[in-house]
Amino acid sequence: MAIFRRSFLTLVSLLVLLILVFFLSRLTGDPSYLFLPVNATPEARAAFAQANGFDQPLVTQFITYVQNMLTGDFGTSLRQQRPAIDIALEAFPITLKLAGVTLAIAIAGALVMGSLAAWKPRGLVDRTVGLTSLAGASAPDFWVAITLVLIFSVSLGILPTSGMGGIAYWILPVIVLGLRPFGLLVQVVRGAMIAALSSPYVKTARAKGASETRVIFVHALRNSMLPVITVAGDIAASLMNGAVIVETIFGWPGIGGVMINAILQRDFAVIQATILVTAIAILILNIVVDLLYGVLDPRVRAA
Amino acid sequence: MMQLNLRGATAIGLVLGALSLAPAFAQDAAKITIVLPEEPPSLEPCDAKHSSIGRVVIRNITEPLTMLDPQSGEVVPMLATEWQQVDADTWRFKLRQGVTFSDGTPFDAKAVIAAFKRLDRTDVVCNTKQQTMGGVDLTVTEIDPHEVEITSSKPSPILPTMITVVQMSAPSMDMNGASRQPVGTGPYKFQSWQPGQQITLARRDDYWGDAPVITDASFVWRSESAVRAAMVAQGEADVALIIAETDATDPKMDYAYPNGETTRLRIATNVPPLNDVRVRKALNMALDLDALKPIVGDEVTRAEQLVPQNTDGFDAGLKPYPYDPAGARALLDEARAEGVPVDTQIDIIGRDGIYVGAAEMLQAMQAMWAEVGLNVNIRMFDTGNWLRYQNRPFPEPDAPLLGQDQHDNLLGDASFTLFNKYHSNGVNSMLWDDQVDQLIIKGENATGAERTQAFQQAFRRIHDDLAADIFMYHMVGYTRVGPRIDWKPTIATNSEIAISEMKLAK
Amino acid sequence: MASDPTPLLRVEGLRVSFTSDDGRVTAVEDVGFDIMRGETLVILGESGSGKSVSASVIMDILDRPAGRVEAGRVRLGDTDLLALPRAKRRAINGARLAMIFQDPLSYLNPAYSIGWQIAETLRIHATPGINPKARTVELLTRVGIPDPEQRQHWFPHQFSGGQRQRVMIAMALALSPELLIADEPTTALDVTVQRQILDLLKELQAETGMSILMITHDLSVAARMADRAIVMRRGRVVETGRLDRIAASPSHPYTRELLSAIPRLESDKRGGKSPTTDGPPLLEVRDLCKDYHVAGRGFGSARAMRALNGVGFTLMPGTVLGVVGESGSGKSTLARVLMRLESVTSGQALYGGQDILKLQGSALNRFRREVQMVFQDPFGSLNPTMEIERIICEPLALHPDILPRRQWRDRAAELLEMVGLEPAHLSRLPHQFSGGQRQRIAIARALALNPRLIICDEAVSALDVSIQAQVIELLADLRRKLGLSFIFITHDLPVVRSFADDILVMKGGAVVEAGDTDTLFANPSHPYTRDLLSASAIPEWMSQAVRASIA
Amino acid sequence: MSQIDHSSTPLARPAKGRGTMRILRALVQDRAAMIAACFLVLLILSATLGASLLASHASGVNMAMRNAPPQLSGGWAYLLGGDNLGRSLLARLVVGSRTTLGIAASAVICSMVIGATLGLIAGLRSGIVGDVIMRVTDVIMSFPALLTALIVLYLLGPSVANLVLVLAITRIPVYLRTVRAEVLEIRRRPFVNAARSMGASEFWVVRHHLLPLILPTLLTIASVDFAAVIIAESGLSFLGLGIQPPTFTWGAMVATGRAYLTQAWWVTFFPGLAIMLTTLSLTLLSNWLRLVTDPNQRWRFAKGGK
């Protein structure tokens, strides 16, 4: 029930988002400057505006956009002269793969490291993890990316510089992209685990004879998952919008790069299509997160 | 920390080595990979002036009727073997025989007509026509299957130069949208395009000219210069097009070459204090541009006009303004004394990334102007907003602005530059000078020495008398070429890469 | 019963210390005791006496690194438990030693089904011949969970408190341990359920012959269960022996104090009825009803749940009304409704002739001055970030016209003294006080505005018995001095006996019995009231022994 | 530090300064927090005094020292090396600290104040108002930050204030959601009910009971967010949408220095290090503050007893 309500509300916000994107993006300037040569005459610009419908009042343009959308036409890219939705749908799976793998690894790593850090607060693991997560949060990702390429590809020659391919091609992008999520998640896991490890049911488990490993990973961790899922959901949402830096540096043609280029190019149809795709993905993600709450915490399921 | 990183890296390296995760870089001898700065938006031949399209298409997939020799700047035959002017508006071109498109269609007069038609399409933005032919309309008629007549709507003394940009695409090509699989007469044919990842071309066995050495070429793209350079260093690619000067660290692989671009700051010559020629001269004299070369590349040369050498109209006799801060100060004092508002804040309309070091360059110039007492402020824009300031109507017509600009004229004739940039009616011009206007019109309608002289006089007046711009450099590009192939980039490389010219290194 | 000369478990010279704000504090000092096979040993003591810490050491579940065993030995048979490496030590838990806890809701893992949790014990100590699934159902059946096949898949929150404790017991008994440690197993439960659980434990002990180490602060529980008892006080054992002997001749002053609570609880002498029982009533409540709407907003039908059903009573000035009931009886809802923290569905509550349920603005503000509330949880009801002075002065700050600001500090000091604390405590933070002290602070706050009525919602339930007695004494004292009226809400009948003039017994949102305290205790008419009374009663043998010893 | 004794305002103040002394004493006892505090004091000095003193050193172009490596010989100016225009990196770090800290602090404070206010409202009003606020958050989160930047800067023009606005808008959801979650939990606690029963208004409850408890969490997020804002600003600088030269921030220093990574690592390394140390100090200090203000947590981090 709550899920339906939530989905409905999210659909409303999706609509609001599309309206905002449509009108506000058109406030960022006339695309003819970017698509016509620098010596184009005012007449040529007028012709361009007319050909693309930019001479119409904004509201008319929006109505046309919505009408076309209902027939499955999401507009044509000015730059590539092909359906904008194709461009978005080509790029999105790549982002999804990269984000998915990165997030999975970051979560797994954060669960293990965060648990160990919480098991002995102020211990060696705790301090190392704390420092890593801070470094991850404060190091600019383009800097990290290029430094890693210079070390691992150029100096050591053991990893490919960039591109998509086998496992070796994933290592650097996943590290760069995962550093910040890992840093954030590990802190969340640590916090939740410190609380969980001092909660009564952990004593019960110990009294039953469960080993410390079992206590940490079976009893405490399961109960620490709710905040982790919340934060991971937020991170996933931001990754859905694309990992621009990583995508462009490593040559992964994901949706973030497409979106940024479209914004910089004033390619409105593509801006709208990419935001539509990512927003729907985020909507689905939110529902999945809500469902996960129920799976992880039976009390939520009952409510 | 650095040490730790390296040690950790070595450890990981050993593990990876053991698992042999490292990719196999070894490539087939005659296959090459070229890494570009960006993915082409399409492979539309009529939009080949768009350099990211041209790099893939021109002279690989499609070819023009005539071609500019990058070394001499002369127009040389390509798909047309010879041509002659019939009258002021009309030229005749003899077509090369025995040429076929990669889809098997013969190349003949009908194909030429179709290719020119493609240029006139209204559904696709074909920049080529807009950019290089201005308001000139061309009509092609068939004389016989191997000869065409091209008529222009106004006299075109340099028509053979103008049509170097028209790519001969196959008549069979779809007229809807921008093509993503072009068909042409070139030595390579389009093979595949994995969006976002790579475009591959394969050698044609039935090419009309000499068979090239390279059998297969793939184009990939990385926006980060350091990564492009690293790919060639690693053997993942053979050519890294346009790398930053800072990444061109290996003299064995990296080539510096003039890339046809000229940089300047365009002065709003109609707004005080910039409407005073002394202030404009002072702006030029206050800069020690020789000292600032390293910011954009040690190999750049000082510019005093907006076209490179080998361009018809280039005046080799012009000398750049000397670095003379005292002189600049004197000029400013003089102007100030006459009531010119010299101390008004002057704004630079800049664009980060227009060329490597663009922002630093402005900051350095700003510091030097501050030395002579000029109050210059920098305003940086993204490309879209910056472009608004390039074109009439100008957004802030009453503000004393300096517009950061970079111009390329690869067509070998100053007419492609002068009217737009300096004529009172030019869309990008901030200069209103009758004498310059007359010289430009005179040159455009003349041929031979008369044309050259008129353009040279225009440039001389613009630089020496009017100081209409702050001229900076003829720029250089850097391209990294891997050890496997034998090839040198040229002035044309930014916009076309003829793979057929590449050889395998011995 | 215990004829085997070697004890099952022997604790010797145990010393445990904890890190606290003030450095290391010794929590347990030189504690030792034996438990024989098949016997029940009760550790009696109040919170902070070290009884739970001792049990934690036996089970190796001490909070670390804050807690540390400094000295002592714990022998199970021939094994010194403290000398074992962790893995070996853990293998004993669940198999030979088992433990159940006070609050089964938080001691059961909320994320797993109860069947899974019971079977886990069996899986950890994989024993050939035992099928975890079948054994789980068998255990659940034995502890009296209906429909165990189905309910083994339920989660802890889906059970009632009593059932959860049964599940706990099933889990502990999975491998028939030799010793069961029960740490306050019935404290959080309603009195009627308490007795059922204790009976169950006794039955199971008879069946399996296990020993039980029962930790409690509750004499009635001890009396029901114990063979022998030890009494702990401030980390030390102050008394050891058979419980009847301790009751008859307590040797330590503390034990005497503890036992003296019994006659006090049973006495019918109250703090003296106030003379001002004539005149108009202070509060007259008529036919209060309160419905909750359950289920989601928006879609679907909202289900109504009746929390209050026609509740009515009259409170005279200067008198004390006790409201008694078990969880879910609606007694707390009544308090919240009267305090205007919640709305009602229907009904009236006349205070000074005005219906307080309809008050708005300044009239409501005036009402809030005159009626104050003291909450159950002394840890939650004080803002942990505020100094005591600010806490006590908060009502003065909310009603700034009563007292000029410069007098607040003196007023706060005066109030603290009134509730038996020192004015020097004004600048401390709540966490620096014990539960009883915090409840005194809450009372001081309630007194700040010179109210006429104080509503106490389970105000002493979370406190130790002796502290309970002290707090009630304080309230009775205040009532005498200030002529206050009280509505005193509790689940514990004996607690109100010495304090309340009239009693209201509630069940399922309705009043089942109401009347004068003496009459009600002497002649309970409703079966539910009788149940409540008998469940919380101290066995006769013990009261007699105690009375004899004190006399 | 003022966050701590703010709680003693309208109610009678305990002997003034005693609280501050207690906190100072606690600070001296925690070595890590002490070092962090010293670093931040140093930073504030550099942003105020230092930036004024060294302004000229930070802007003078000296092509002879272009990308000069860190050195002891050239006097203090080139201790950390020179940047791509031969300006003293040390001077630029000091001068850049003013804008960096100014922008980051304003953005963080703006988003914190707006986010926390909306979060409080959403937490206290579960009806339509709360729903609307939460959906607005969804929209902000799905709205690309770059587009926000372009829109704001196009409509309002590039200025430091607008830059702060852009950075603040994009960070609001974090605070909003956190505060809402905390409010939902805290508002059920008995002391909130106690205050209500005494006649406390909604505002009073927020001011005296919710905010003091939420503040430590807010400060923790803010300290990490500080780095996020600095880095986001560097990203905008990189696209020409950030701060306008000749003004610069550490983020902009990293962004422009990145082109020289192969030749002159120090040009990006030192500003990067400065960002990291600042974040580290803020985080250490906010963690410490949380411990000091939340006594119930303190035992967990007690020394010894391993």
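Read from first to last, the chains carry the letters A, B, C and D; within each, the first residue is number 1.
As a convention for this text, a contact is a pair of C-beta atoms (placed from the backbone, for glycine too) under 8 Å apart; a residue touches a chain by one contact, two chains touch by 3 or more.
Labels paired with UniProt names: A, D = Peptide/nickel transport system permease protein; B = Peptide/nickel transport system substrate-binding protein; C = Peptide/nickel transport system ATP-binding protein.
From a predicted model like this one, the values you see are computed outputs, not experimental measurements.
Looking at A-B alongside B-D, one finds more C-beta pairs in contact between the chains of A-B.
Ranked by how far their CA centres sit from the centre of chain B, the chains are topped by C. Work out the mean CA point of chain A and of chain B, and you get 37 Å between them.
As a whole-number value, the distance joining the C-alpha centres of chain B and chain D reads 44 Å. With each centre defined as the average position of its C-alpha atoms, the distance from chain A to chain D rounds to 23 Å. For the pair chain A and chain C, the distance between mean C-alpha positions equals 49 Å. Within chain B, the positions touching two or more other chains are listed as 226, 382, 385.
Residues of chain A found to touch two or more other chains are 28-29, 146, 150, 198, 264. Looking at chain D, residues 150, 154, 238-239, 261-262, 300 sit in touch with two or more other chains. In terms of inter-chain touching, the protein chains here follow a pattern that is not a line, ring, star or complete graph. Inter-chain contacts occur between A-B, A-C, A-D, B-D, C-D.
Listed in rising order, the residues of chain D touching chain C in the complex are 7-8, 10-12, 14-15, 18, 189-191, 193-200, 204, 208-209, 212-213, 293-296, 298-300, 302-306. By the touch criterion stated above, chain D contacts chain A in their complex at residues 131, 134-136, 138-139, 141-144, 146-147, 150-151, 154-155, 177, 224, 227-228, 230-231, 234-235, 238-239, 251, 254-255, 258, 261-262, 268, 272, 275-276, 278-280, 283, 300-301.
Residue ranges of chain B in contact with chain D, taken from their complex: 225-226, 244, 246-247, 249, 291-292, 294-295, 350-353, 356-357, 359-360, 362-364, 366-368, 378-382, 385. Residue ranges of chain A in contact with chain B, taken from their complex: 28-31, 33-42, 44, 47-48, 51, 76, 78-82, 87, 90-91, 94, 146, 149-154, 156-169, 248-254, 264-266. Chain contact summary for the complex, chain D toward chain B: residues 59-61, 63, 66, 84-85, 150, 154, 158, 238-241, 244-246, 256, 259-263.
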